[in-house]
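One chain, chain A, appears in both complexes that follow, with chain B as partner in the first and chain C in the second.
Let's look at the complex of A and B:
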């Protein structure tokens, strides 16, 4: 009995000299705690249920989606077209093309963002320049600017340059608007690196640029990969800018295609295809999340910690 | 060999040279990123502020300076009033709900088996596109007798009447609920990371003293995570002010704007500039965007004021 109490409170590290008797209320029934437990498990179960529903519905007919929400799919499977919804979204609603565009755009943009942000973050933290803290804050303010406030002038400017409805134009915007967050994230990583290696490199005669490329960048690899993943997630899900800047099916990204497909699918009661479209957007994120959950969670919550 | 005979001198001068070479690296490293930042974020923000004082319907028209007319028109318009109030409601009610839930979870998760799994499950909606979330909720919450969405299916199966979740009079609260559901995982994770840093002996001591979970929360957890709560509040504010896709997709037919009762400032800006109805009103949209910046700045400053106190060392 007592051993479980010890375990729960942090193990044998801090063992009191005499085992104290548990205080009366600490082990007794607490309604608040019971309520909390119930809410936590209910909430978690709901999330799992919702995910199950999504995956199953992607293989169901509209009638099944609404009348048998928890049953396993049967209609299309019995007709030998198990992947009918996914095929419909992929071919008829343009998700196939959008998928390829999104993968390429997201990959190229994320790499470009990190390539630009890493030197900037290094310059702000490691070069001993006066005023660097102020400049870091200056960049960090960008994280608080809602995209809605910049989208109209951006659209006008890009239209002047003939870069609207153009994937290269969207690439430029994605890169520029992702920089504040990425620079801020990476300053944290560079700041945490030890001074000694940098000094050792300098004593060995390495130039500052060489120190950066051959010593510091490899050391910050964890941070760079985190930045890459977080940007990829953010851009994969980005919708507002793609709605404003892309208006031709041939250029649509996944989120944009889903947005366009929504009303068409509802009118035709093509709920199977619609759920499949949602699944095509969500499931790659789920796979990434299952593989990299810890890195994603710590990366995204890093700024708030300290 | 020269360095060996005069080590001190040699080292200082080479160290000084190294430092200045390091500083020379600053601009090539910093400028590319900051140039893009200024060109694509700061200049457009300033342009938005300027355009907010003009009347302009986009290509083929020239902006006319109209002073504060746009702002007067905004205040007089129903669409803007709904947008503003809804945005504030989402920030405040959604924020209070999210943080209450997150606090409740921190009380329980700290001493619960499988807490890590629960956290990971709850975090997932944060990396799902809001459009996808909106459509997904749209299908789940749809009200159609005999072919109900999942939510009404569940209600009817336990004998409760189905609810028109997506009707204009209910949509604000439904969106608030969806918002809390989708974002609580993020704040639970932030707060739990802070709670995990609290030394366990503080909880042991309060257990011995017979503290209830509420007392432990009130006198240990809350004071020691206060700073993180402040930062999380700021993060909540700057993300909640942008709410757009979720409302747009959930409340409306999809491609066209939803009924104005459900609008947020983000929807207002979009509708007046890139929405499909009539000539765009860039001036009005920019004025509303300026209101967004002002609102977020005021709320963040207010929050920082409210949360300020001396740091506690532990």
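Let's look at the complex of A and C:
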């Protein structure tokens, strides 16, 4: 017999299980699953440990760093100078100026890269340009060339143009070297967007440029933000090119300044300050990633179709 | 408002020597609701997309009214389209979706808003104007897609299977709504579907396509009553028409011992001795065994108002879609006491017989 609503409301209160039973496929022990879990947790634990060590060491004295690597910091805190290492690194490594330079350079470069790569990727995937597939592959080849191999010819070329030891020159190099990857990333993204939206826009009377800016670009926002963040992280950490192309303190980026500070600080056994310097360079990107990780993952095409 | 005419319209796809649409000649009257129907791959969507300007035309022309639109881009054709998956802009609200064309056409904001509100009121969407498509149900999204078409007051509506993403009940409701809305607005409409029930219930006329070729274009009654060939006969109607192979002997066609008279004109039109006799499920008279074509009931489908008996016989039958020939379907009154395994005799009701040339598939003259 089927129970009516009244019977169910009046009857004994039914208690749902605290945790719904998993599907039969998910039950039971699987060696592969166990191994996978172990590897994932090990990897996570290792990363968290390194991060913990870094943050803690930034507040320790050199002796503490070597004798009690995983203990909480105490030496400087007891002396009321908790942030002494950070202040030391900031003042002695020239981080103040380098920080501003890096923020501006990374921001301008990342935005420029995405501004150039997005229309290129759109044209390669959506406009039905003749030979688009070949061109996409040609762009992708650029990813296969390690930039270290072109550093010397690049330096000679830039020297001819008088663009070495010049932030604008570095900006050009950053944009040029990041384009292949970004274009490739975005072609995948644009390809995944439904065709009908473009067709609907065409029937609504939108020009290709308008379709790109008002329909496709907002839909590809997730992809564009991903591209922006990946480039920002990559450029923020970029060291080799800045070492090769910048040789004046006034132009140093954070990574370059840290490199210079490294030699100075280890000479003075100022390991606390050195680690603090590393923390200053690393942490902003970590924060950026934590804040924007969800934006990277969430797609925006939801509701476009069925 | 305008007529639409296809003249020898042909479309090839890259890498395929067989055209997807082959020399289509079709005239659609002003304000008419024309349905394009056919199995998948028959070229119905391609035809619609050529009209919309989303697909190139390799041969022939397309006219909307007096204008040759064959090579015009979509925006200059003055048409609106409803897509199968609606293609709503997910980052815009319902109101922005409906008003997007008017915005591009640089209509003043106040007029645009009043037109959008008018269209929304017509479709019962007034309360949803500020929502994003993701927050709407399937039926509501479908209505937004309709609204986007209506608000433009175009010369032609193109609809590409707009109901196929709805559940069965909503599809029947929306079917009626779209048909009545179209009659009220009087806009020439080309509607693509693979569902022959939709085609029959909605269209003023229905064009049946197969393999890129127009098979027949007629009113639903004409299509049902006088199918032009075997394909249309088998495609229109559910359950499908029973197509039985007979042989000509003297003045009549012989089917499993039963004779069906042929007129002199029919005999003259035959190209061989083989004839196909078509009888719809409702075209049978059920007699006692020994009378007419002997048959055995295999399956009884009870629908309440009707009952369908699927019977095995010794006749050879034609299958239109290439699959195994199905058993003979017979309609009986609902709640009839037929049981599986019972024997009966089948006699076609006079006037319910369709005759086709077995070799060419063409209908014989009446």
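The rule we apply is simple: the second predicted complex is superposed on the first by the 245 of 306 C-alpha atoms of A that agree within 3 Å, B and C clash if a C-alpha of one lies under 4 Å from a C-alpha of the other, contacts with A are read in each partner's own complex, and residues count from 1 in each chain.
The working rule: contacts are C-beta pairs under 8 Å (C-beta built on N, C-alpha and C of every residue); 3 or more make two chains touch, one makes a residue touch a chain.
Treat the numbers as computed from the prediction; the structure is a model and nothing was measured.
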| item | value |
| --- | --- |
| Which of chain B and chain C A:161 touches, first, second, both or neither | neither |
| Touched chain A residues, chain B compared with chain C | B |
| Partner chain in contact with A:210 - chain B first, chain C second, else both or neither | second |
| Which of chain B and chain C A:219 touches, first, second, both or neither | second |
| Which of chain B and chain C A:196 touches, first, second, both or neither | second |
| Which superposed partner A:150 touches (first chain B, second chain C, both, neither) | first |
| Chain B and chain C contact sites that coincide on chain A, given as residue numbers | 202, 300-301, 303-305 |
| Of all residues in chain A, those that touch chain C in their complex | 194, 196-197, 199-206, 210, 215, 218-219, 300-306 |
| Chain C residues touching chain A - in the complex, by the definition given at the top | 52-54, 73-75, 79-81, 83-91, 100-101, 104-105, 132-136, 138, 141, 148, 165 |
| Touch list for chain B against partner chain A, complex | 15, 18-19, 21-26, 28-30, 32-34, 36-37, 39-45, 47-48, 51, 59, 101, 104-105, 107-109, 111-112, 117-132, 135-136, 138-140, 142, 144, 147-150, 153, 186, 189-190, 193-194, 200-201, 203-204, 207-214, 228, 231-232, 235, 238, 241-242, 244-245, 249, 253-256, 265-266, 269-270, 273-274, 282, 285-286, 289-290, 292-293, 296, 300 |
| Footprint of chain B on chain A - complex, ascending | 8-10, 14, 20, 22-26, 30, 32-33, 36-37, 39-41, 43-44, 47-48, 50-51, 53-54, 57, 63, 65-67, 69, 116-117, 119-120, 122-124, 127-129, 135, 139, 142-157, 159, 172-173, 175-177, 179-180, 183, 202, 207-209, 212, 233, 236-240, 243-244, 255, 258-260, 262-264, 266, 271, 274-275, 277-278, 281-282, 285-286, 288-289, 293, 296-297, 300-301, 303-305 |
